[in-house]
Amino acid sequence: MMDIHRCFRCGYCKFPDDFSKYNCPPYARFRFESFSPGGRLWLTRAFLNGEVDFSKHLSEIIFSCTACKNCAENCRMGFKDEIVDWIVSARREILERGLAPPFVRDFLENIRKYGNPWGLPRKQRADWLRAKKYDGDDYLLFLGCECSYEDRGRSMAKNFVEILERAGVSFGILGENECCDGNEVFMLGELGLFQELAERNKKTMSELGVQKVIAISPHAYNAIKSYEGFEVFHYSQILWDLIQSGEIKPGELRKTVTYHDPCFLGRYNGIYEEPREVLNSVPGLRLVEMERNRKNSFCCGGGSGNFVFDLLRGSYSPARERVREAAETGAEIIAVACPACKAMLDDAAKDEGLKDRVAVMDLSEIILRCGIS
Amino acid sequence: MFELKFDRAVCEDCTTVDCLVRCQYMDFDVEEAKREIMKLINGEDSVVLHECATCYACEEYCKRGNHPFYLITDLQEKKGIFPAPRPILRQWINLAIPGKKDFPHFPGAKEPVISLCLFPEYIGSIQGKLFEDVSVILGRHFFCQLVYLHFGKPSIIRERLPKIIENIANHGFKEVVFFHDECYSTFTSYANAYGIHVPFKPVHFFEYLYENLKKRESEIEPLNVKVAYQRNCSTRLTPWKEHYLDKIFELIGAERVERKYDRENALCCGGIIRSLQRYDLFVDVQKRNVEDMARANAEYCVFNCPACYSSLAKRVEEKGIKPVMIHELCKLALKRA
Amino acid sequence: MDIYKALVDIVGEEFVSRNEEELYIYSRDSGLTEREKPDFVVMPGSAEEVQKIVLLANKYKIPLIPVGASLTLSGLAVPIRKGIVVDLRRMDRIIEVNRLGRYAVIEPGVTQGKLKAFLERNYPDLCHSMPDAPPSATVVGNILIHGQGNLSQLYGFNSTMVTGLEIVLPTGKICRIGSCSLSPYWFAVEPLPYLAGIFLGWFGTTGIITKLGLRLYPRKRLRDIEVFVLDDPEKVADVVYRITHTEMAEDVITMEQPYPMMFRDVVLVQIYFNGDSEEEIEFKRKMLWNSVMNYIRSRDGGFMFLTPDVQEDFLEKPASSVTRFADVMKGGGFVYCGAIIPVEKFAEALRKLKEIAKRHEITYGHVGRIVGRGHCMMFSFSFPFNRADRASMERAKEALHESYLATLELGGIPWKPELFAQKMILERMDKNAAELMKQIRGLLDPNGIMNPGNWEVEP
């Protein structure tokens, strides 16, 4: 954080590349300058310098950043790529000083004790899913916490498993032996716990001889890539491969669909086109783009653990704004490729009273809906 | 300090005066050309000093190796006839002054070594199969300075060059590959013409590419494409190395299309001409050059010079031809396999 | 009286803060002026809410500081007498665009970026005069400080582009000025008595703008730039005169700075021009070249050849290079005196800038923008500093203060001056004019609540 003073608070970080709207989720939500990336960095520096005391409000400011990386994408300064690292370092400092707010403390404790942020029993991780345990298969399917415990995530897992089975792909899951990938743990500043989780997963996977991993959650994709030693794919890439090779052939679906780019798939890992190719391969499907798409995508507000503690909730939440933006395109379906996005946008659609107009569906669900041969 | 090795008797005896008669930017018959060349060798003012587009071609046209272009540039400076406005020259002088990010030495750099000179943006592209184990030196401490021939200020070249040579030689290299044709031409043609000693062997990038492609011949899948080649100005100073380029094209399956403005008839990319404030000529040479490529059905325009690339790539693209640096085209041929 | 509760009743709990963190952030801008924490920060969502806040402030004589993005760098948005900072950026609707009349009606929180994007998407043949401030700057904020933009060479200061205003006066009345005061159209502040002048350039001391009518201009399909380079600053005024005479140029910018090296020892005159066809572009280019051909022939000046990437940088709108100047010392800051001077004073101003920089052992930058057909120019004396180095901040501050003095000595006026420079201006101003300012403020704001400390005329 040596360079944190270099932030000029110019505000480029708040926007997408055409400056049309505010694209930083906490700033769009709260609108006080303190919640903007620049405001957050200045307050972090003030806290570290002792100019500002730690408080509940400061913790809200610091932990409401979803680490969506819009700021790093749009900052015009030489240090742009360090911005998210600075936020993570600030969080680490807060944790190390024993100042973690309860919602963060609980999130991390639950992962430490139960392997998931909700504190649900380990054995519930995979006991609901009928899928083969990994045993030297071509691919390990890594579910991640949301796809293991959360309803919307579980449905994504079930749907994708069905597609893989029907396509005859050789894969298996870790089941109870899978533990949290650690992406959010890292983003929340708990490096020690992240390393523990990474080591545990790596050990399990190495001992089983895993070489290729498919992740449903882009958060898991991002984390496992950092483990090194494994070839990692996002499930949208596998879907596209299967469609290209003819292993699955989508049937017709006459719907207008818009695709919401998840932060950890898009801005973090540059994967924008494969999900779109999957959608474009469906006969009759009309793909329309939201104004803010690809690297300009507006985060659903679920990152950095917010899909659990949801600091950005309320009538001005980013998720609700995003759903309204999707509805404006005339789309009947918002296609998602991330379980956090699915849960956040699904709830937002309900809160906005738009559930009848716009359905939130993930790619597998859409493919299954149109029928595959 | 360094004097041009020029023999006036060679020019006096010359009956063809190819240097001026073949000039693509000035129009002389043999008699007019003879009159003007005599003015030049006598150190007098001549329309040549004012109208020269600084394309370097006359160095190639003179088959007697008597350096007409170097003569012109020395005389321009002597007479204070500057092809470009003074402030533009000032910019070019300043841009080559080493700063904090320029290092005169790259400890650990060993052969094979490529000098990237003033083009650090290409460091990412000097990667992959063709460039395994290559060291790179770059920056203003290794800048060849030849560009000042365009601005009537060749004394800067001779002033700065000994230190540049020393910076390179201090590494103990026996051979140095030069990414930029201008560097290669400086350390061969220009240095020779002025008696400047160069203690290492300059290797042209084409030679390097060819040798390394040859080693991997079995990995090449021919591209089967038609290419136009944009010959840069300094290539005129060292035309002998161009055979490597033709060999490269043959290896990678690129057909160098027959067109009007290639080889000795090549046109300047226009960049410098614009800097000399000759806007209409700039538009004209670019238009003729690119239309010529299109007429010959070129799919690619191959560049060896980053400056030509900057000047011409956009025009080329607008005509539906893909601009590409020679080493990128070579990489394409390897990638496909 | 529980002011906090009263503010909550007006805007809702979500949009009032007395948290230390908000007070800290709103106590300062990115420049080097004094800091002072407000008592509250409030974010109204409508003119009615603004009105209620003003009535409350009047009743209890609490200072009010209306702010946009707080990017002046001269502390104009800093609540130096504490009070309530009114952040207007929730009010960010583009209410209307009248295409044939070429005007827009906007709220004060509309950012430069939002208006640009909106027009490009929905009215691609219209644009507004955009400064090179970051896109987060507000359109209204820039107009209210007499900002200049990329169309100022053609049409003057951005503040001359106002076609109407809705203001909450310091006593709480809402008032409309210009054609909109009696017509559904916001086409001009003329031909009525020019009341708009009471609100432009007053730094929020005479009221809070809640709507503004703004002139839009033709946006052409193509935009290009020629950069004319000189090594003698004395020639700049004449070059500008010749260029502006052609009436071919859009924006004309001057630049002089020691880095990068290619910019050192020369003055760049950046001439932007536009057209709907290649033919128009080439015609304009030719006229521009011809206008300075004498300098080209004498070798005293010439046009740079711009490679595509350099050209793209120059054509970026807004120019992020202006913002990036803040990181020249890897220190996150710069300050500048934007001197409004006659163009003929260019060379002298540049000399003074270099002297000041040398004396304070600080690097500098200059960017200038021609206003009108060379009726004047904004000449910046810019100094970067390192926010983590107190000494560098001191040097920058001292250089800045000297620049204010130098500006006045040149016969110029510091634009958007910080308090220190406001005093210098008022000291030198015609006494009756200063007195008039005081009277107007006294009339409009008898309780002295509006951004107090600014434009304060000493008795």
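Here the chain labels run A, B and C in written order, and each chain numbers its own residues starting at 1.
In this text, a contact is a pair of C-beta atoms (placed from the backbone, for glycine too) under 8 Å apart; a residue touches a chain by one contact, two chains touch by 3 or more.
Remember, predicted model here, so these are calculated numbers, not experimental data.
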{"item": "Inter-chain pair with the most contacting C-beta pairs", "value": "A-C"}
{"item": "Central subunit by CA centre of mass proxy", "value": "C"}
{"item": "Gap in Å, rounded to a whole number, between the CA centres of subunit C and subunit A", "value": "40"}
{"item": "Inter-chain centre distance, subunit B versus subunit C - centres from mean C-alpha coordinates, in Å", "value": "47"}
{"item": "Chain centre separation in whole Å, for subunit B relative to subunit A (CA means)", "value": "51"}
{"item": "Interface residues, subunit B side, partner subunit C - complex", "value": "82, 84-88, 90-92, 94-97, 99, 271-272, 274-275, 277, 279, 310-311, 313-314"}
{"item": "Residue ranges of subunit A in contact with subunit C within the complex", "value": "3, 5-12, 14-15, 18-21, 30-34, 39, 42-43, 46, 51-53, 55, 57-58, 61, 76-79, 291, 314, 316"}
{"item": "Contact footprint of subunit A on subunit C as seen in their complex", "value": "14-15, 17, 19-22, 24-26, 30, 41, 43, 69-71, 87, 89-90, 111-114, 116-118, 120-121, 134-137, 320, 323-324, 326-327, 330-334, 386-388"}
{"item": "Subunit B-facing residues of subunit C, complex", "value": "229-231, 260-266, 285, 289, 295-296, 299-305, 307-309"}
